[in-house]
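Shared between the two complexes below is subunit A, which pairs with subunit B and subunit C, respectively.
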Partner chain A sequence: MSVAWVGSQVVSLSDAIQHAAKLLASSHCPVISFDADVHGTRSVIALAEKLGAAYDHIRGRDLVNEITLFTSYGGMFTTPGEVRRRADLVVLVGDIPAEHHDLILSWASAPADLAAKDARRWFHLKANRPAPDNTGMNSLSRKVKAVALSAEGASLGSAVALLRAELADRPTVTSLTNLDKLKKALAEAAFPVFVFSGNTDEPMSLAMLQGLVADLNKAKRASSLFLPTDDAAWGAVLTCVWATGFPPRTGFPNGAPVYDPRRWDIERMLREKEADLHLWISARDSASPARRGGIPFIALVRTISPVPGAAVTIAVARPGVDHDSVTYSSRIGTFRAERASAPSDQPEVADIVRELAEALPC
Partner chain B sequence: MLIRLKGGEIIDPVNDARGGASARRDLWIENGFIIEAPEGRRADRTYDASGCIVMAGAIDIHSHIGGGNVNTARLLLPEHHSAHLPRPADTPLANAGWSTFTTGCLYAQMGFTTVVEPAMSPYSALHTHLELADIPIIDKATLTILGNDDFLLSLIRDGKSADMVDDYVAWTLAATNSLGVKVINAGAAAAFKENVRSFSFDDIVPAYGVSSRQIVKTLQSSVNRLGVPHPLHVHANNLGLAGSADTASVTIDATEGMPLHLAHLQFYGYGTEGKRKFSSEAARLAEQVNSNPDVTIDVGQVMFGQTVTISSDVTRQFLAIGNASPKKTIIIDGDGNGGGIVPYRYKENYYGSLQWAVGLELFLLINDPWRVFFTTDHPNGAPFTAYPDLFELLMSREARDRQVAELNAAALELTTLPSISREYTLEEIAIMTRAAPAKLLGLKDRGHLGPGAIADIAVYRRGRDIAAMFREAALVFKDGDLVVENGKVVNFRWGRALRLRPEPDKTMVRRMQAYHEERYGLSLDWFTFPDSALRRDEPFAEVPCNR
Partner chain C sequence: MKGLTFTLRAEPEERLDLSALTPDRLDGMSVAEIAKLRVGISRRPALVGDIFRITGKDVSQIAFDGGSSRFDGIGTGMSGGTLYVSGDVGAQAGRKMTGGTIVIEGSCGIHAGSGMIGGKLEIHGHAGDYLGGPLAGEMLGMEGGVLVVRGRAGHYAGDRMRRGVIAILKGCGDYAGSRMIAGSIAVKGRVGAMPGYMMKRGSLLFDRRPETLSPTFIDCGRVDIAFSGLFDRYLIEEGILDKPLLGRKPGKYGGDTAVLGKGEILFRLGR
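Moving on, here comes the complex of A and B:
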């Protein structure tokens, strides 16, 4: 089976790497979009440093909000294990991505063995607007018998703000449904937890939620559980943070890492033609970048055929399937070593990118 | 390769070399080890060390260099990295080892070759070791946190046997690949989840009916029985509070004939005297340490400037939120300890001046350099990049007097510091930062320059500016590789993480499997990892237990 192409021409893997390295070396401003496991991410950072390139995660736009919560605000957090074992009140906040629904359902069927009482109460704070249930959140909410909290015409952000004001007994123009039930449950709960993910439309709602949790902690205990929009992407963020000191949207203009979420927005750089070569790396799927103004690109993706328009295509392995992998998992709230479920000799991102870096003239 | 390090002044307390003209001799290195001077052989490489002092590579026993909480702090404070980079000399954090990469480089430049990350939560062991594996040049090690975890507290509550506790501790050490056990505000993090906000040595965790003292004593004995070379590493209750000296004092008294290490004692050196009810009790604590041979301490010196406090003492960090500067914090209720990140600026005001003085009093009033260890509790008291300045303060009364003149006089009046004339000798520095840490951690292969030791060597050019001398080593060797020359890193090799490898008891492994499946709904392999997960050729090196 072929794994490497220059244009639409089948070549050997090493020829493809040599060719890609040449393109990268002759580029003035290469940029990298990536989606890889921890070791893939480490190799991407090393390559970017060597090239003086900028990088972002393929899901960088979704990550901005979640990263900003930590870089600008902070908050109070707990772990999935503590929610399962201790939380006697769970408030689901907005839409939680489908990849986390099994986790949430698993709490419903497990005893909170560290809580004083066995029964766990559930609420769902949500936007009140006719929107398609893309994530299956309504169905999840029904399964755990969550009491709905919402207010006429209020977005999620407004609902969070409203809840915070009402819990602090500040005057509000409107009121949340079932607020009394929540107040009573909060009064009886020993360890309530608010479960949330990034809310791309309303960045301030994440900080507002943390404000609410901080208010509750003045007299009692409460915490929040952060379930990233995308576990693998969050793992890449954490890896970038230790390797460079910064979350992604980082560049190496003068050798040292520079973090700047606006300047190194890869989409923007391509659109405004600041970049002249795009390296696209996805160990997840075969999706390729939207072509921007004819800027050439190199694709390292999961594919069985050359990516249309790519100067070089290299087919990569799938972490945790083709090869052992380390990824972030919200099941445990940290990194996990995962054995390959169907080991193959498909080349993995970390190795290809390392060879690419080694093939650069330096 | 045979290497000759020529004509340096050897300071190697373990082998009776005390510096000065009489200690000037060559040091020979082959295959990564220090060897006897070979007869009739010529060196492949010779390095001139004349005018220099030669010590073993330094060992830092307590520095928060990697893992979940450290990384969360990086995420919270990207500005600490970028904003200061262009002006390295200005503030301590300017050059702080903020990424894994800079951490290894900056430590090596100062002649440090082994650093212990003292607060690894068991479930983030993989994360911690991934980070440590990305720290270049130096060797690393970790201490695993126990003492707020449900499993241990349940064993104590249920009166389970010492054997079972030992099996659990040994399993944890093995599963997390660590070098020892740390307990952090024993019981307080568990109690905090029940909204208990102040917690002392004889207070009880409500859900378990177990006291902090019981937890500490249980772990201290277990570590001792298991032959873990490093005594239980204790972060006591009430850190940072006025009156915490009493807590430190009862904790020291609780050694009861068995070794115990008390971390960052400076943060417990406070009494309640004076107008502000915040005074120094350092002299009393130092006296208590002097008269109790079972206790060792590290200082956790405060130095002035911006830093960030990173601690698994979630109770304490929650209470400190109001002091955050800048105003953003992270508090984590974790599976065991959790922790908190609170950025902080040590100012030269009453409180900062007092804390600074308390640390120095402890250094200078504890007589035995084998039992007082050199730390700033990086980054809690100061970033480790402040070490060279701290060496100068210890070695020069004049340097202390200069600084004292600029500090809060009312605070210093409540300390003994201005009256202390002691100056550390280079030999004492070598004991405190080389020989003693190796002994405390059970690392027989380092901390000295005798034949057979690994060739971790720091060479400093003698000069009148003590801080400058320690900031940029003239030469540093790690396992015989030259890694630093004239204060610049010249070789980015990879070090290893030192670990004990106790054989886990099979019954305990089965218990752990059942516990994780029942309590977390996940098989045990979600919480453990093979060495290969780190993708380094030899990520670990083994250290034997005492028996």
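Moving on, here comes the complex of A and C:
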């Protein structure tokens, strides 16, 4: 089966790598969009450093708010294991992606065995505005028997602000429903935890939420659990932080990594024609980049045919399916090894990118 | 002696980091040395001489004849002198400046006046998001100086501001004055949602009642205070406005009670 193409022409893998390396070497401002496992991400960073390129995750636009939580706000975070075993009060905040609902339901069916009391109390702090329930959050809330906390017409940002003010006994214009129940539960709880996702229309509400957790910690232990929208993407973010000190949207303009979420926004760079070559790496699927202004691109994707418009296409393996991999798991709050479910001899992203870097003239 | 002038030869093909072209950093350098400074950020970065024709000698008066949204870091860390740009600039104009004056005839990108400590930055066009705000990982926004935007500003204007004055003359986006610690932000024109969210202290001064506030701002009614008149006079005397912004007895909201709650939103009544 063919795994490499130059244009629509089938070529050997080594020829495709040589051709891609030539394009990269002659580029003034190459940019990389990637979606890969830990090893793939490390190889992308090494290539970007050697090239003086910038990189972003393919889902960079969705990740920005989640990353901002850590780069601009900070907070107090715990692990899913701590929540399961120790949290006697769980407050769900806003919408949580459907991928995490099973995890949350598993807490509801298990006792908090390290807490003084077995029973766990549930609340759901949410916006009170007509909006479609895309994530099934209302259903989840009913299943865990969460008490709703909201205020007439309030956005999530307003609801979090109200909660923080009212818990500090400061005046507000309106009041949250069921606040007395929450105050009583908080007074009795040994370890309240606020569970939230970073993908919100109101990123500033996350800063307010972390302020609330900090307020509670003045009197007792409390924490929050961050559940990312996309585990694999979050794993790539953590890998980047570990490797360079910075999350994606990092460039190497002078050899050293520089994090700038606007300057190295790859979509913007392509739209404004700052980049002149796009390396697109998608180990999870065959998605190809939206063509922007005829800027040439090299595609490393899961495919069986050349990507239309790509100068070079190389078929790559899917981590966890074609080969063993290491990925992030929200269920355990860290990385885990994953066995290949259908091993194949498709080339891994990490190997291809490493060969690309080696084929570059020094 | 004629001021140092950088005349743009053509629209740059890459983003430029112009933080090195300030009076402080160019002091004592010859034109030939300046021309060899690296300003591009691509793999084959452009030099000053590739992008600009350089004339004049007085580094205390720098002018850019022609602008571009790819001019990043104009006037970074400037402590004195004047810097004038006849067109647009990119991100982080006037970042961390401590003195002197920057005038930009066009519009600015994101983070104009970020972490500014002193001096004056005047933008005749529009400004992007996070006007005066901190970069990722920084704890403080604007710490002093005067920042005037004669057009419209984006979201999060004055985020984490600690001291100084921001005046915006054609409205701004959402979350103006978010996480403010102190200082004053005056806005003429429409203000977006949630101004003052998480502000601890400081003053937001509007020419109309804000449309969407967090419920943690309390209506304090009409107030008769000397500050509104004093600030109106300041804005007119400095040539920032030609008419009073607040009037004699403005309306007031106090907040944000979710945090310290010692901030205020003053606004002109009757609009």
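The criterion applied here is as follows: the second predicted complex is superposed on the first by the 360 of 362 C-alpha atoms of A that agree within 3 Å, B and C clash if a C-alpha of one lies under 4 Å from a C-alpha of the other, contacts with A are read in each partner's own complex, and residues count from 1 in each chain.
Throughout what follows, a contact is a pair of C-beta atoms (placed from the backbone, for glycine too) under 8 Å apart; a residue touches a chain by one contact, two chains touch by 3 or more.
Every value quoted in this text rests on a predicted model; they were computed, and no experiment measured them.
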Overlay on subunit A: subunit C relative to subunit B, clash or fit: fit
Superposed model, angle subtended at subunit A by subunit C and subunit B (C-alpha, nearest 10 degrees): 90
Which of subunit B and subunit C A:Ala161 touches, first, second, both or neither: second
Subunit B versus subunit C as contact partner of A:Met208, first or second or both or neither: second
Contacts of A:Arg318 with subunit B and subunit C, given as first, second, both or neither: neither
Touching partner for A:Leu51 - first (subunit B), second (subunit C), both, neither: second
Which superposed partner A:Thr79 touches (first subunit B, second subunit C, both, neither): first
Touching partner for A:Ser27 - first (subunit B), second (subunit C), both, neither: second
First (subunit B), second (subunit C), both or neither touched by A:Val241: first
First (subunit B), second (subunit C), both or neither touched by A:Pro171: second
Subunit B versus subunit C as contact partner of A:Thr71, first or second or both or neither: both
Between subunit B and subunit C, more extensive residue contact with subunit A: B
Nearest Cα pair across subunit B and subunit C, whole Å: 6
Set of subunit A residues, in rising order, touched by both subunit B and subunit C: 71-72, 259
Parts of subunit B lying in touch with subunit A, wherever the complex brings them together: 66, 68, 70-72, 74-78, 81-82, 85, 98-102, 123-124, 126-127, 130-131, 134, 150, 192-195, 207, 318, 328-335, 338, 341, 519-522, 525-530, 532-533, 535
Touching residues (chain side subunit A, partner subunit B) in the complex: 38-39, 42, 67, 70-79, 81-82, 84-86, 106, 110, 113-114, 116, 190-191, 217, 220-221, 223, 237-239, 241-247, 256-259, 324, 326, 329, 331-337, 350
Residues on subunit C engaged by subunit A in the complex (per definition of touch): 13-15, 17, 41-45, 70, 72, 91, 109-110, 134, 136-137, 175, 178-179, 194, 197-198, 214-219, 256-259, 261
Footprint of subunit C on subunit A - complex, ascending: 27-30, 51-53, 68, 71-72, 151, 154, 157-158, 160-162, 164-165, 168, 170-174, 204, 207-208, 211, 251, 253-254, 259, 261-263, 274
